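Both complexes shown next keep chain A, but they swap its partner, so chain B is in the first and chain C is in the second.
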Partner chain A sequence: MDFLMLAVQILVFPGLLFMTAMGVLLTGLGGKLVARLQNRVGPPVLQPWYDILKCFGKEMIVPEHAGRAVYIGAPVLGFAVLCTAGFFIPMGGRAVFSGTADVIVVLYLLTFCSVMAMAGAASTGSPFAGVGVSREMVAMISYELPFVLILLAVGKLAGSDTGGVTFSLQSIAEWQRIHGPVLFHWSMIPAAIAMLFVISCEAGLHPFDVAEAETEICEGLLAEYSGLPLAFYRLTHCVRLFIMTALFAALFLGGLAAGNDGLAVLLLVAVCIVLTFLCMALPHGICARLRVEQLFRFYWTVVTGLALVSLVLVWFGL
Partner chain B sequence: MFQKWIDSSMKKSPWIFHINAGSCNGCDIELVSVLTPRYDAERFGFRLTGSPRQADIVVVSGPITMQSRERLVRTLAQVPEPFCVVSLGSCPRSGNVFKGSYAIDGPLEKWTHVDVSVGGCTPKPEAIIAALAQAAELLEKKRSRMHG
Partner chain C sequence: MMEMIYGQIGGAVAHFPIFAVISLFLGAFLTALVGKRRALLRRGIVFVSSLVSLVLVILMIPPVMSEGWIITYWMGGWEPVGQWAIGIGLEADALSLFFALIVTAAVFTAALYSFPYMAQDSQPENYYTLYLMLAGSLLGLVLSGDLFNIFVMIEIMTMTAVALTAFRVDYDGALEGAIKYMIVGSIGSSAVLVGIAILYSQLHTLNLAQLALRLPEANSPATAAAFAFLFVGFGSKAFLFPFHPLAADAHAVAPASISMIISGVITKCGVYGIIRLCYVLWQNMSLPAVSTAVTLIGAVSCFICVTMAFNQHNFKRLLAFHSISQIGYVIAAVGLGSFFGLEAGLFHAMNHTIFKGLLFLAAGAVQHAAGTLDLDRLGGLARKMPRTFLLFLIGAAAISGLPPFNGFASKWMIYQSVFEKAEESGNPVFILVLVLCLLSSVLTLASFVKVTQSVFFGPCRPEYAELRDVSAAMRVPMWILATLCVITGLFPGAVRNILLAPAAAAAGNPAAYIDAVFGVGTAAGAHIPEAAKASETLIGCWEPLSWLWLLLTVTCAVCFVMVLGGRPFGRTVQADDAEERRQASEKLFAGLPDPKYESFFSGEKAEFSHVGGSDLFWGFKYSLRRYFSYMRRWHSGNVNDYTRYGIAALAFMLAFAVLCL
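This part shows the complex of A and B:
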């Protein structure tokens, strides 16, 4: 029975099916919002779903010099790893798995997913993909530092009762149930703003998508991908947006509607949609794509600075 | 049923790859204007991609100059099946004002199959959208022919 329950949790809710559906819906909604901001009609909300399905129907071309196993395996493994990261994030009151240091596991799995994308791209041997890999690496270095600082700040605040830093999403949720959401503590507002930027870059959204610049470097990481592996990359992209917004909800807006699971899920969906507007549609509508060094400088000064302010304030018990 | 879903999404998500085979840039600008807010072809799912590997519709403009001929053939060979070729403007059709020049080696039909052809120098954005929509319909047919 327990096994059956776990299987349902992994496959349906809050597992694969829910995460995929939410990822596709959020991405589609983001596209629609961008279009409205630019005074266009915009593609239908299900557009990402059509894109993914279409890729399943296209011929898969494996480049002659590519390692076949890595070329096909990397996108699939990246998707699997990303979904595993999602299992640790509490959605609607509970997560599939939880542990004492699941924040670190999530951080590791998210990084692993990016590394898989880079491994797949590097295996194709295309010079465009090579440039994409180096750019993706710079982007990763840019957002990892503020991301870790934000996680430290939240962990320190949530661990203030026990006097330590907590790395458990479950105990962060518990703390928020008692003390109210982390976002409502004024010292954490800079970290929340920094987290918005981290979501944009981590999910590869428009002004920060230097690694997949389609006009400059032929889609960068995806330059040689077609057919089935491309479908998995698209899927990973969509799910990533959902996982990052859900992580924001778990870190900063946990403990809302505690006890009522249905309402908690609805709230999660609402928060994800608002975050999609803030992180995806708004910067896309306003800003043109940054250059690599602009991205790096922005994240290591402004975003890291915001996260650091929160961390210092929390450390002094404010 | 899954095959049917894939077939019908073929025409809902046609991604365009644009090859300039020695065009004067007029058609290229009109093609880009199709994607601007005024005509907004993205509402039908059209999107410009940067890589031929992800293309569903290849749009060729220009009279196929000697210099671009080899690149054109090589790029077309990299596009995964099923895909459509759209010739944009009068140049790839007939050579237009460049007809008879020693520097061109057209028309486009000499080098590949052409599914839809839009005439004009330059064609209107409305005509381009109509041609792309036709090509998208053809994509679905080609796909369903692929699995019998």
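This part shows the complex of A and C:
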């Protein structure tokens, strides 16, 4: 029975099905919101889903210079790793899986997922993909520093009861159940703003999507991809948006509607939609794409600065 | 973990330490005797002597690691009288044995690799003689029970390492690297000698156990200065900041098997020296000043070297900077002074030997096959050398700390222990250390993405069209290391129980080290604490297995969906027939006059266009151009400058030690 329960958790909720559905929904909704901001009608909310389905049925062409195994394997493994990261994030009250320092595990799994995207792109041998890889990596370096600082700030605040720092999402959730969401502590607001930017960059959303700049480098990482692997990359993209927003919810807005799982899930969905608006639609509607070095400078100065402010405030017990 | 057993262990095991060392030195002399011809006999000697020392060390593990014996061996039966140990002694406690295991395992693997790798070189007899001398000195260093023999071994080690660095003397920069290594290395050796001289003038003994017994009460500015000298000496052998530029010059030009030994083992001997010094001799790691300083040195080495590695375009130079970066992790963890930190540091030290050895051997294989290590000139080797590529990927994933390889397991422990320390001490410096470590991890990943992209991916250059993968004989040692990467990554708990916990306990228990030489109760009489506190806040070890099951299930589910929903793999089109493709496009563009549009439609330009190593990450480099240009000026390649850095480090440590100890 436990096994069956686990299988349901992995496959349905909060597993593959739920994450995929949420990811696609959020991406579609984001697209619609952008369109409304720009005074367009926009595509239907399910447009990403149609795109992915269509890709599934298309022929897969392995480029001449590509390493075949990596070309096919990387998108699949990347998607699997990303979903595994999702299992550590508490959704609707509890996570499928929790460890002593799952924040670090999640951090590394997200990295692993990006690495898989890069490996697949690099394996095609296309120079566009090569540039894409380089940009993706620079973007990763850019957001990793503020991301770590944010996690430390939240960990320090949530560990304040025990006089230490915690690396466990479970105990962060526990702390929020008692003291109210982290976001409601004024010292954490800069970190939350920084986290919004981290979500945008991590999920490769518009002003920060230097790695997949269609107009400059032909979608960079995806330049040579087609058919099934491309569908997986698109899926990964969608799920990544959901996982990052869910992580935000877990870090900053945990403990809402504790005890009532159904309500908690509904709240999670609502939070994710709001975050999609903030991280995806709003910047997309407002800004043009940054250049690589602008992106890097922005993240290592403004965003890192915001995260640092929170960390220092929390360190002094504010 | 068992209690320490005091007294003399009986039987053959008592002689194992000396036999293990002698086996290697004897092999060196026999190799020299065999001379130029008889390659098979020479290889036999090298194989047997390195295997014998490895087996002897492994046989010592059960009594020392699990039963808690400390094996002491007195040459010529010169046992200590009263509380004076004058004779030459070997003392193998769990800490020594842990490093001895690293030494002998690496030596054995690199010897296996040398057989095919060095087959084309002239003067193999010199190579293997020097190689076994180096191996013997390394093993002697970690097993030695007195400081003077440690110095002798350091000298043999440095000189043979210098000679081996310049072994391929016709390589560009080989002599230069070797001379730099020799000059700055001798500064380190002299520092050790001066430290020894000061200690001898103060305490009239050089036996480690006796020093450990008498140093805590004989604290004076002179012994503090000796600490500084020895610390800098051992630090220079570990190539810690600011000695790190040397490592790059030396590793890059040495044969790959020697790079593996220099980076994987010689640096570990420096780490061993520092642990011995701080935990057993002076027992001062509990002082916040020392702990903070050592951790900071580690973190700074870690960060500076990883940024330096970022800019390299020689494969092995890049790896060399990464070695020091990883040693920085080790020192940072060791410097925490906690039991868990020590375990994490030792684990990472061991893992570093494994994965960096693997990477150096893979670099050697690339060099062997393609004849160059220039990242800007290589490309597209993944399809030419698929097996080497796979091995390289394992090593690269391990060093970048991707789960489930061993690099992740040990880095995870390091983060945890730094966290724990930050928690306990409330010192924000440790948070800085943690951020530096995490950031270095991303940058490590970045530079291995760069290597993968510029060496193995991209279109293959025409000059490598006929390239063949290296022979199975060269891949076997790499497979050994790759397997170890996976095993230690999957079962960190077992490694911890068998190796790390006893070694860390031995480092934290100078009393047992003293009692093993002078008899039970000596340490207690001198008010040396009985045993270090074992980790009370047992932080759970990273347990990857359950996680892997999860990943496996998900992957299976995803593949299932793929097969059901998508088109199966069979219907893939491999567009590798250039002629067919050309015809197809001709048909497609029959109405168009100019074939130049082809590249825009087919997506693949026929010309060679590869994003080289130096061109990646310009966004990052451009934003930090001030930092990088400063760093470039700083790493001038001028040995005078490097000497100055060494002297400055010495001066700084002296001031620090006299003020803070």
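By definition in this document, the second predicted complex is superposed on the first by the 318 of 318 C-alpha atoms of A that agree within 3 Å, B and C clash if a C-alpha of one lies under 4 Å from a C-alpha of the other, contacts with A are read in each partner's own complex, and residues count from 1 in each chain.
Rule of thumb we're sticking to: a residue touches a chain if its C-beta (ideal position, glycine included) is under 8 Å from a C-beta of that chain, and two chains touch if they have at least 3 such contacts.
This structure is a prediction, so every number in the text was calculated from the model and none was measured.
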Touching partner for A:M60 - first (chain B), second (chain C), both, neither: both
First, second, both or neither for A:D261, with chain B first and chain C second: neither
Partner chain in contact with A:P43 - chain B first, chain C second, else both or neither: first
Touching partner for A:A35 - first (chain B), second (chain C), both, neither: first
First (chain B), second (chain C), both or neither touched by A:A223: both
First, second, both or neither for A:M118, with chain B first and chain C second: second
Which of chain B and chain C A:D51 touches, first, second, both or neither: first
Chain C versus chain B, contacts on chain A by residue: C
Which of chain B and chain C A:D161 touches, first, second, both or neither: neither
Those residues of chain A which chain B touches in one complex and chain C touches in the other: 56-61, 223-224, 227
Touching residues on chain A, where the partner in the complex is chain B: 35, 38-44, 47, 49-51, 53-54, 56-61, 128, 213-219, 222-227, 230
Chain A residues within the chain C interface of the complex: 10-11, 15-16, 56-65, 67-68, 70, 72, 76-77, 79-81, 83-84, 87, 97, 99-101, 104-105, 107-109, 111-112, 115, 118-119, 122-127, 130-131, 133-135, 137-138, 140-141, 144-145, 148-149, 152, 159, 163-165, 167, 210, 223-224, 227-228, 231-232, 291-293, 295-297, 300, 311, 315
Contacting residues of chain C [partner chain A, same complex]: 380, 382-383, 386, 389, 400-403, 408, 412, 415-416, 419-420, 422-424, 428, 431, 434-435, 438-439, 442-443, 445-446, 449-450, 452-453, 456-460, 539-540, 542-543, 546-547, 550-551, 553-555, 557-559, 562, 565-567, 569, 571-576, 578, 581, 603-605, 609-611, 615-620, 622-623
Chain B to chain A touching residues, read off their complex: 5-7, 9-10, 12-13, 37, 40, 42-45, 48-51, 53-54, 56, 78, 80-82, 143
